[in-house]
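Below: a set of structures, written as C-alpha cells.
Look for chain A in each of the two complexes below; its partner is chain B in the first and chain C in the second.
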Partner chain A sequence: MDDLTKLVSNYIAKEYLVEGSEVTETMTLISSGIVDSFSMVPLKRFLEKKCNIKIADACATAEAFDTVQNIVALVRRVQNE
Partner chain B sequence: MAFNEAGRSWYQAEIQAIRAAGLFKDERLICSPQSAEIEVEFPAGAAVRKCINICANNYLGLSSHPAVIRAAHAGLDARGYGMSSVRFICGTQDIHRQLEKRLSEFLGTEDTVLFPSCMDANAGFFEACLTERDVAIADRLVHASIVDGMRLSKAIQDSYKHSDMGHLEEKLQEHQDKRFRMIVTDGVFSMDGDLARLDEIVSLAEKYDAMVFLDDSHATGFIGKTGRGTHERCGVYGRIDAITTTLGKALGGASGGCVSGRRELVEMCRQRARPFLFSNTVAPVIVAGALQVLDLISASTERRDKLEWNAAYWRGLLTEAGFDIKAGESPIVPVMLYNAKLAQDFARDLFTEGIYAVGFFFPVVPKGQARIRTQLSAAHEKHHLDTAMAAFRKVGTKYGILGLGRKELIEKFGM
Partner chain C sequence: MTETVSFSYQDLLENFDWSVSERELGYKKGDRLNIGWMCSDRICRLGQAGKPALIWEDHQGREKRFTYNDVRVLSNTVAHFLVSLGIHPGERVCLFMDRVPELYIGFLGILKAGAVAQPLYSAFGDESLFVRLCNADTAAIVTQRKHVHKVRKIRERLPGLRHIVVVDAGDAPLENREISLEMEEAAPIEHFDVYPTVAESPSVLHYTSGTTGQPKGAQHVHYSIVSQYLTAKCVLDLRPEDVYWCNADPGWVTGTSYGIIGPWANGITQVVLDSGFSAERWYKFMEKHRVTVWYSAPTAIRMLMREGDELVRQHDLSSLRHLCSVGEPLNAEAVLWSRKVFGKEFHDTFWQTETGCIVITNFPGMAVKPGSMGKPFPGITATVLDPSTYEPLNQAGATGLIALRPGWPSLIRSYWNDEAGYQAKFKNGWYLCGDRASIDADGYYWFVGRDDDVINTGGHLVGPFEIESALLEHPAVAESAAVAKPDPVNMEVVKAFVSLKPGYEASDDLELEIMNYIRKRLSPIAMPQEIEVTNAIPKTRSGKIVRRVLRCREFNEPVGDLSTIMDD
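What follows is the complex of A and B.
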C-alpha cells in the first residue's frame, strides 16, 4: 500500500468507521451508505489540505469518492493537471 | 411549448426510476381528523377503513383536541384567515408576538421568532447567523433541513460521528482557528429515537468556546419532566444558544416553527433569514391554536406523563413478543427488520390488520437498517396498544421473526 492510499484509508477508517474496523481499497463508501454527501465534505477538505490540491465540485462526484481506489485516482489526476 | 415532449419523457423516466428503485412515496388519504384512530382510504379508490395510527408525530394527542379546535375557531373569528403579507410589511399581528413570547417562556430562552415551518427555520438560520469565518459542526444524523441550511450558508461545514463525543471534541480542537464554532444537533433523533448527549455537548461547547444549536422538534412538549425538551431532560435548560422547534408535531401538529434562543441570534433571523423575510408567517388560526396548546401543557404534565407511560408499555410489549427494537426512552420506537422488502411487506400486512405504520429503508435510513418506525401518542389508550401488539405478533409470526436478533434477521432475509 503506497503512502497516499495509506493516508486516505486511515482517514476514512478514523472519520467514518467504528473503532477497530478496517477499510479496503475497493470497499464501497457512498453506494453502501457509509459516507453520504453531507459527511463527504470533511473528506474533500482533508484531501485538499493534505495533498495541497483543489478538487473542483464537478469532480467531487459520488463515483469519484466511492472507494479508496477511486479517491486515490482522483487525487493523482488532480495533482497531474 | 416550453414543456416539450423530450422534457416530459425525461421526467417520466426519472419517476419510473424512482419507482424501480422502490423509493416511490404513495400518499394514503386520511378521511378523518388526525388521532389514535383514523379512517384511511388506501390504495386510492379503496373503501375507507378504520385504523389505529402508530406513525404520527401527534405525541401529545393535541392535533384534534376540543380545546385547541375551539381556540382555533375563536382565533379565526377574531383575527381572520390570512395575513396576505410577509411579517415586516404588514404580516404581524399581536398574537404572533404573544406566541413568540410564550414560546420563549416555555423553552427558557431570551427571544423567539416564528417561521412558516421548522424546515424553514433550519434552512434560514445558518445563513443568517454564520459567515465564511465560522464553522458549523453537526451530528451526522441531524435532520435533512439542517443539512440544507448549512449548505445554504457560507460557514464551513463539518460533521461528527453520531453521538460520538470524542469525535466532536477532535473537531472542536481542529477548528479553534475559526471565529465562531457552532455545534449542531437534534434533541431526539427522528429515525432512531435516541436522545442527544446534550449535557456533554454543552460541556464541550463551554470548554472549546462554541455555541450550541438544537433542533428539538421531536422533543418539545414532552421530553423532560415538564416537557420543555431535551435541554430540560439533560439538565442544561437555559444553556442552549439556539433552539429550533416545530408547531407541527406535539404542539398541535398544524404547521409552523421557530428559532428561539439568544436575542441577537433571533434578531439576525428577523433581519436576514430568507424564509422568514420572503414568506408569510403562521396563519392566525394556527397561532390561536398554538397559544391554547401552550396553556394546556403549561398547566399540567398529564399528557406527557401518559405519553411516557405509553412509550414504556409499548417498548415492553415489543420486547416481550421478541421484536428487535432500538433501546431508548423516547416515544419513537423503531422495530428493526434490516431488510427493505421485509419492512415494506410488514407494513403492508399491518395495514391489512388495521394498523397504520410505515416501513423506512435506504436512503431514509442507512442501508441494512430497514425498520418499522412506531410512534406513540398520549391519544393512545392501553387497548390501542394491545390491539396493535396483537397485529404485530400475527405478522411477526407469519414471517417467523419473533425472537430473532439482528444477526439472525440478516441471515434469514439479507440486508
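What follows is the complex of A and C.
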C-alpha cells in the first residue's frame, strides 16, 4: 500500500468506521451509505489540505468518492493537472 | 403538458369530505382502527394476499420480495415478539435501522402490538439518539449490528430502555439487554390478536427540530391513516397497477406517511433501494423495476441534474407516469429539467412532520407553475397570516405566515411532554407551519422562507440549538451559533460561528476536527459545512445570541433593527 492509499484508508477508518474496523481499497463508501453527500465535505477538505490540491465540486462525485481506490485516482489526477 | 388523471382537483374540492377516505378504508366512527392491520391484513382480505407489497434491493444488488401476506405474517411475528418481551401498549419502540425490510415490516408490527413506533434516522450519532430516546422514555430499540455500538455507548444513561433488539445478530455476541430477532428465521405467527387501538390511540412519534430547545416528539394517532391514504391516492396518484418508489428514509415523516402507510393502505407495490446516492444506480433501479410513480426530493433532483442528461437517456425510464417532490421548495429549474429529460414535471408537495400528510400541492392534472407550491389539498383550509395580527392577508402576492385550520385527520395531537410547545403552534384558531409564503391571484402558494431559525438542509429540518449545544461540548469552543447558509444543491447547509477558549487557535485542522465531532455526535446533516471563528457573535443585552444577524449576512439580506444588540 503506497503512502497516499495509506493516508486515505487510515483517515476513513478513523473518521467513518466503527473502531477496530478495517477499510479495503475496493470497499464501497458512498453506495453502501458509509459516507453520504454531507459527510463527503470533511473528507474532501482533508484531501485538499493534506495533498495540497483543490478538488472542483464537479469532480467531487459519488463515483469519485465511492472507494479508496477511486479517491486515490482522483487525487492523482488532480495533482497531475 | 397533459396528463391522464384519476381525480379532478375541482371536483374533489367541491364535493370533499374526509368520510370518503373512511368509507374506502372500511372504517366507521367508533370502530377499532390500527394502521398495522389496515396496511397488511386488510389488503389480504381484499384478495391481494399474493400481490407484492415490497421489493427490496441493497447496494450490492441483493433482492428480496415480500407479498402482502408475507408482510401480514412477518408483522405479526414482530408484534408477537414484542408482546412476549413485555412491551406494553403505548410504550415507545424505536426503529433505528437502514432501509432494510425489518424497518418497514417492523413498523407495522410495533403498531399491531399497540406500541408507539419511534423511527429514527440511522445516520444519527449517539448524542442525537440519546436525546430522542431519553425524551420519549423509549422502552425498546430495534436496530442492526452495524448501529448497535451507538446504543451501547448510551444505554447506561437510559434506564428505561429495557430491550435492544438486533435484527441481524447472527453469531455476534450480544451484551446486556440485547436480544436477537431474525424476523424471517423466527417461527411465523399466522394469527395475532392485533391490539384494539382506536382512532385517537397514539401511533407514531417522529422527532422534529425547532428554534429553541431540543427536538420535539410529534405525536400522531392511528386516525392519521385517513389523510395519508387519500392524499397518497389523489396527490401521488397511486393506482393498483403502480410500482411506487419513495426516496425518503422512514427515519423522517415522508418515509413513514408515504413510504409505508400511504402506499400500503392503498395496496400498492413499492420498491425500496437501501443504498447511498448514485445517479446511475437510481436510474438502473427504476428501469429494472419499471417504476411508475416516483416521490423524490429537490436535493436529490438537483444532484441528478448535476450528473447530466446523457445518463438519463442511457436508461429506459418510459414506465414513469407521475413524479412528485417534497422536503423543500422545488426550484423552477428542476421542474423544467424534469420536463426536458423525463417528459414529465415533478409536482411539488408541501407538508411537514406535524401535518402528517400533504397539505399544499400541485395536484395531478393541475397546471404546474414552476417554482410554486401549488394549492391546498381539498379538505385543508389554508391561508397566509399577517405576522403581527395573525389575521389572514387577503391581498394577492402579500407575504405572510402559512397557516392551516386544524381539523384534518393527521395533524399531530401533541408534542411529547411539551404541551406549551404544542400550544404555541396555534394562533387565532390557526395552526402555524413556521414558513412564510404568498398566494397569487390564481390561488397558488409561493414559498418565501422559514419564519424561524430552523435550517432546512437537503429537505431535513435541523434545529440550531442542538448543534450549538453539541459545539459547546467540544473542548476548544467557548461560544457558538448555528445558522443557515445558502447552498446550490441542499438549499441550505449549516454554518457555525464559534469563539475559542484561551489556548486554542483557529486552524484548518481544528475546523475539520469540529466538523467531524458534530457529524459523529449528531449527524452528517447537522454538521456545519463551514466554521467561522469570531469573537463577535452578536447578542442581545441579556446575552441571547441573535442568529438573525448572522443568517442575514449569509443570505445578503438587510439585517433590520439592531437596537437590542449589545455593543462590542
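FYI, the second predicted complex is superposed on the first by the 81 of 81 C-alpha atoms of A that agree within 3 Å, B and C clash if a C-alpha of one lies under 4 Å from a C-alpha of the other, contacts with A are read in each partner's own complex, and residues count from 1 in each chain.
Heads up, the rule we're going with is that a contact is a pair of C-beta atoms (placed from the backbone, for glycine too) under 8 Å apart; a residue touches a chain by one contact, two chains touch by 3 or more.
Quick caveat: nothing in here was measured; it's all calculated off a predicted structure.
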| First, second, both or neither for A:74, with chain B first and chain C second | neither
| message | Quick one: is A:49 in contact with chain B, with chain C, with both, or with neither? Answer first, second, both or neither. | response | second
| message | Touch test for A:12: chain B only (first), chain C only (second), both, or neither? | response | neither
| said: Between chain B and chain C, whom does A:61 touch in the aligned arrangement: first, second, both, or neither? | reply: second
| query | When the two structures are overlaid on chain A, which partner does A:23 contact: first (chain B), second (chain C), both, or neither? | reply | neither
| said: For A:32, using the defined touch cut-off, is the partner it touches chain B, chain C, both, or neither? Pick first, second, both or neither. | reply: both
| said: Once chain A of both complexes is superposed, is A:41 in touch with chain B (first), chain C (second), both, or neither? | reply: both
| query | Does chain C touch more residues of chain A than chain B does, or is it the other way round? | reply | C
| query | For chain A, what residues appear in both contact lists, the one with chain B and the one with chain C? | reply | 15, 32-33, 36, 38-39, 41-42, 45
| Of chain C, residues touching chain A in the complex | 59, 98, 123, 146, 149, 274-281, 303, 306-307, 457-458, 489-490, 493, 508-509, 511-512, 515-516, 519-520, 524-525, 527, 529
| message | List the residues on chain A that touch chain C in their complex, please. | response | 15, 18-19, 28-39, 41-42, 45-46, 49, 58, 61-63, 66
| Contact footprint of chain B on chain A as seen in their complex | 15-16, 32-33, 36, 38-39, 41-42, 45
| Considering the complex alone, what residue numbers of chain B touch chain A? | 138, 140, 147, 156-159, 161, 362-363, 366-368
